[in-house]
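Here subunit A shows up in two complexes: once beside subunit B, once beside subunit C.
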Partner chain A sequence: MLGEGILKGLAETAKNFAGSYVSKERLTTVQYPEERIPTAEAARVFPFLVYDGTDWEAGLRCVACQICEKECPPKCIYIEKSKDKKPDYVGKLQIFPARFDIDVSVCMSCQICVEVCPFEAIKMDTEFELATDDRFEGLLRHRNQLAKSNEYYHKIHPTEAAEVDARLAEEKAKVEAKAKAAAEAAAAKAAAEAAAKSAAPADAPQATAPAKPAEPAPKTTGGGE
Partner chain B sequence: MSASETRLVGRDGAPVMDVDGDLLEVSMGPHHPSTHGVFRMDLALDGEKIVKLKPVFGYLHRNHEKLGEEHSYLASMPYTDRLDYICSLTNNWAYALAVEKLAGQEVPERAEYLRVILGELTRVQNHILSVGFLLQDMGASGTPLMYGFREREKILDLFESLTGSRMMCNYMRFGGCRVDASPAWLDGARAVVAALPAAVDELEALVCTNEILMARTQGVGVLPAELAINAGISGPVLRASGVNYDVRKVDHYGIYDRFDFKVPLGDHGDVYDRFMIRLLELRQSLRILEQALKDIPGGPVMDPKAKLRNFRPKAGEAYGRIEAPKGELGFYLISDGGPNPYRYRVRPPTLVNLTVLEDMCLGHNVADVVLILGSIDIVLGEVDR
Partner chain C sequence: MIEKADQIFVLLLHWLVGFLPASWQHVASTILCVATIVLLYPALFAIAVLLERKGLGRMQNRYGPNRVGPFGILQPVADGIKSLTKEDIVPFRADALVHFIAPLVLVVAVFMGFAVMPMGRNMVLVDMDASLLFFFAMGASTELSVFMAGWSSRNKYSLLGAMRAVAQMISYEVPLLLSSVVIVMMTGSLSLVKMVEAQNQYTWGLPHWYVFTPWGLAGFVMFVIASMAETNRSPFDLPEGESEIVAGYFTEYSGFKFALFFLGEYVGMFGIAGLGTTLFLGGWSAPLAALSVVPSWIWFFGKVMLWICFFIWVRGTLPRLRQDQLMNFAWKFVLPMTLVNLVVAALWRFMGEGLLRWIVCTAIVVVAYAAMGRVEMRRERLGPRSYRYAE
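Presenting the complex of A and B:
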């Protein structure tokens, strides 16, 4: 019969229309600003800089190695190295980014900066409402806007952050063990020298060994790649 | 109005087409809603009939190949997402395949399975979408397209939860895949694949026997098999003309020789065949997905020897090709041993498939041009690069 196919199709549409009143699964849209679909844990939108502790400037993990700047495909990262150095968590002096800007309008959310970073310093945010009415200054994010705490990282990517923390803790333990061994060796050497001279109290020099109070959260080694 | 006043004139002042004065010249696009992007066709019409058709593209040219030569191998990977932005994962795969050939890298078993799973999911969502858009072009405003979008959304959710992005996945790496799929993700994929046949049934019931669809598409835009072969056509457009050629069967790239699937073929080569081929291929993809999701082994997803940075393959050349949802997608790379390729060339399936547009359109009405163009399933990001 001519028109049978059309009627069959219309029956399908009617089934869907009626179904949308009965079955919740058939209602696939949400009213966006009020209702939101939770973002996926793996979602990536725009990079941020991770810092440890409470002071963002002191706790920034970034050591301004500029690897991300070099590898970024659209070249949206601008880094200026600091002139002076600040101690990282193990007490090792490191340069830090005096300027770290990312251009929102150029970034294409590819996550390559995150993959190449050897210091776990840059991660992807899930915040997607980045629109601004200031198209000159507002689109260039500076390091104070980019810095976000490790707690925040744990909140948005719990699994990934836990893995990173475990890796960093392991590396830190390694560095500490090495430092401890070095300190012991230095102390032994100093003691031996003191014994040889049989004078002066043997105060082991601890120039390289870290003597900082324990900080919360994970640390990077601050070493090379 | 005299004939000379209706002349379309190019930038150099010369007429765009050398046509008889009685014919009407129409510039269709680049902002025509049915051209799937910014694509223009210069038509010469005798009444409603097409006498000449000249495809004009390049409006979306983004210098992709030159950028590939300026960037490191890794940095080109996210750019390949933007070629055919509907199927970014198959673009990733083709590029990774070419670089792996160049560098002689091995891919772990699990990564191969993940690539097949993601590649076939990409094919499913592309075919759902292209069928939906073809019907939209035909005048079935909204309904079939939205049915398609509803199913595609589930697959995009899978992509997002694994790769981090819905469309610009940037997932594959030279020597494997970027992250591993969790058991929960695989279960989610199994659930989606199990639910999809019902959705395809629904789409088929909605339109496949529709008399209007058949009247509009059967016998329209016929592409003879001989012409298709001579023009280098690939993908569903070629197979709708009855030529049994599928890179998955010919090359067995990856691990495709392990799966049991058929290559559907058409016999008329018209728009209806191309439409049906996609629906049939979609079902075959679901078969592959079922097998791959059942057999996926454990293990690493990255070759431990693979280097992310300072990647310099030895001097040489390689051509990696895969059966992308739209046809044979190939990447040709020449390395001079440096950090970026000396030559980076993309063989996009839809650009080659567009070359026979005039042959398919001649003698048909203007309204059919929209349909024929929709049946090639072009994405301008890939055509113009």
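Presenting the complex of A and C:
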């Protein structure tokens, strides 16, 4: 009979109405400022600079090579190189960015800066509440605001960060092996020279070996946690 | 005590007016009553909007507004402030005067209906003999405002919306009137006050509401359908079909003029709900003889709010009709049903007391409903569309 469907529909909405007061599962709304859904691991919003250790200025991985600045499609990155140098994660002396600004209002979250960075220094953040009431200075992020620890990186992108750490450790091991090989070669050479000159060969390689791996080794293991 | 609670507003009015000299008393009491009505219904409007937004939300398993004030109860205040402070935009080529007057005409016409509405025992502003006629006359003039708004905006969507609205409102005006004619036939009066008095009797503690008779029930159902269409409520809200014509006749209205349209729509809903309550649900009379101790005005406003809740419930349930479905429904189903109902009411009147008239009248109504639902409302088998010229 005419109207049966209407009655069925009315029953359905009445069930929803009453049910929404009884069972919490029906209400799927997440009341945003108070409740939040954890962001997806692959989420990307805005770049940040990764630093190792506890001091952000000393541990900054960026070497101010300016590749990201050149590759950035909307040109939202501004870098100034430093005059002096500081040691990077393998202990090699590198220049660092004296100024590193990214404009939030210009950035389009394309992740190209991350793709091109050869030093794993810039990564994508999941922080999305970037709104501010100051539309000039407030939207320009300086390097102290951009710098975030490797631990933070591990927290937001665990899989990716583990891969990055593995790669960095491998690279570092390679550098160390190379240094060791170079040192051994040098020692062998010195030994050969010494052997050629006189009869005291055993002391020379022992003196060079302990000097090389001392500084950077604990740093990478600390970052990898 | 019960008597006093029932008549509290009447006594209050007499007490207030008593301070004035006798020659002013009549005018002053009228002004006070009008002011009360004009303030009361916007307040109810705010409550209804909140109820609607919360209720619809719950029907869709949402929370609804819950940010402004505790549980969002101050949401109507925020809405009001927003619409008051918004810019009032009038289209460049619009007919400015008509564009300005249209919402006022709507609000005035809609409020006029309450002049004859008995909102409680002795609580009626004008006890007119032809108050039902007056109410329908005022209800019909809202169509004028709708068309003024659509025409003066100089916007095709507004005009289309206004055309739709006028077509719909005129189509449903007929069943609305015819479904209330049965009440006039039974009471033998056009006065709403007399209609309530006729229903305010009890047998074995049960009321003599017209909805509890076969013709009354049929008339009630048809009245509810027609009243939904008349107030442009979902599922008959074609005049403001957002998917096709932006917002219909008030597309070009913004700020407080838009709020006035909104107010007019809701107050119109209260008007039609109040009329339906008066006609079929016994107006201010209590649903049980034992409950007559509760003041009459509580029953009236309670019934009106229940009616509004039903409107909200239907809005949360049904999708919008298509224009041809709307017209078919009005002319092929609702109108014939109301005509059959007239015959049923006449039979009821002349068959005398007894069980026989119950059986005969119920049978006619049910058979007519089933047959009309089956025959008139059958699904049209639409074949593939053929084009004569395009191919």
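Convention: the second predicted complex is superposed on the first by the 163 of 225 C-alpha atoms of A that agree within 3 Å, B and C clash if a C-alpha of one lies under 4 Å from a C-alpha of the other, contacts with A are read in each partner's own complex, and residues count from 1 in each chain.
Following the convention adopted for this analysis, contacts are C-beta pairs under 8 Å (C-beta built on N, C-alpha and C of every residue); 3 or more make two chains touch, one makes a residue touch a chain.
Just so it is clear, the model here is predicted, and its values are computed rather than measured.
Set side by side, subunit B and subunit C differ in how many residues of subunit A they touch, and the one touching more is B. In the superposition on chain A, A:I95 makes contact with neither subunit B nor subunit C. When both complexes are overlaid on chain A, the residue A:G3 reaches subunit B and subunit C alike.
Residue contacts after overlaying the shared chain place A:T13 against subunit B and subunit C alike. Of the two partner chains, both subunit B and subunit C are touched by A:T28.
Legend: residue contacts after superposition of the two complexes on their common chain; A:M108 is shown touching subunit B, with no touch to subunit C. In the superposition on chain A, A:I67 makes contact with subunit B only, while subunit C stays out of contact range. Residue contacts after overlaying the shared chain place A:R44 against subunit B, while subunit C stays out of touching range.
Once the two complexes are laid over each other on the shared chain, residue contacts for A:A190 go to neither subunit B nor subunit C.
Across the two superposed structures, the residue set of subunit A contacted by subunit B and also by subunit C is 2-3, 6, 9, 12-13, 16, 28. Across the complex, subunit A meets subunit C through its residues 1-3, 6, 9-10, 12-14, 16-17, 19-21, 26-29, 31. Against subunit A, the residues of subunit B that register as touching in their complex are 71-72, 74-79, 81, 143, 147, 150, 153, 157, 160-165, 168, 170, 178-179, 202, 205-214, 308-309.
Within the complex formed with subunit B, the subunit A residues making contact are 2-6, 8-9, 11-13, 16, 28, 40-44, 67, 71-73, 108-112, 115-116, 124.
Put simply, subunit C touches subunit A in their complex at residues 55, 58-63, 66, 313-314, 316-318, 333, 369-370, 372-374, 377.
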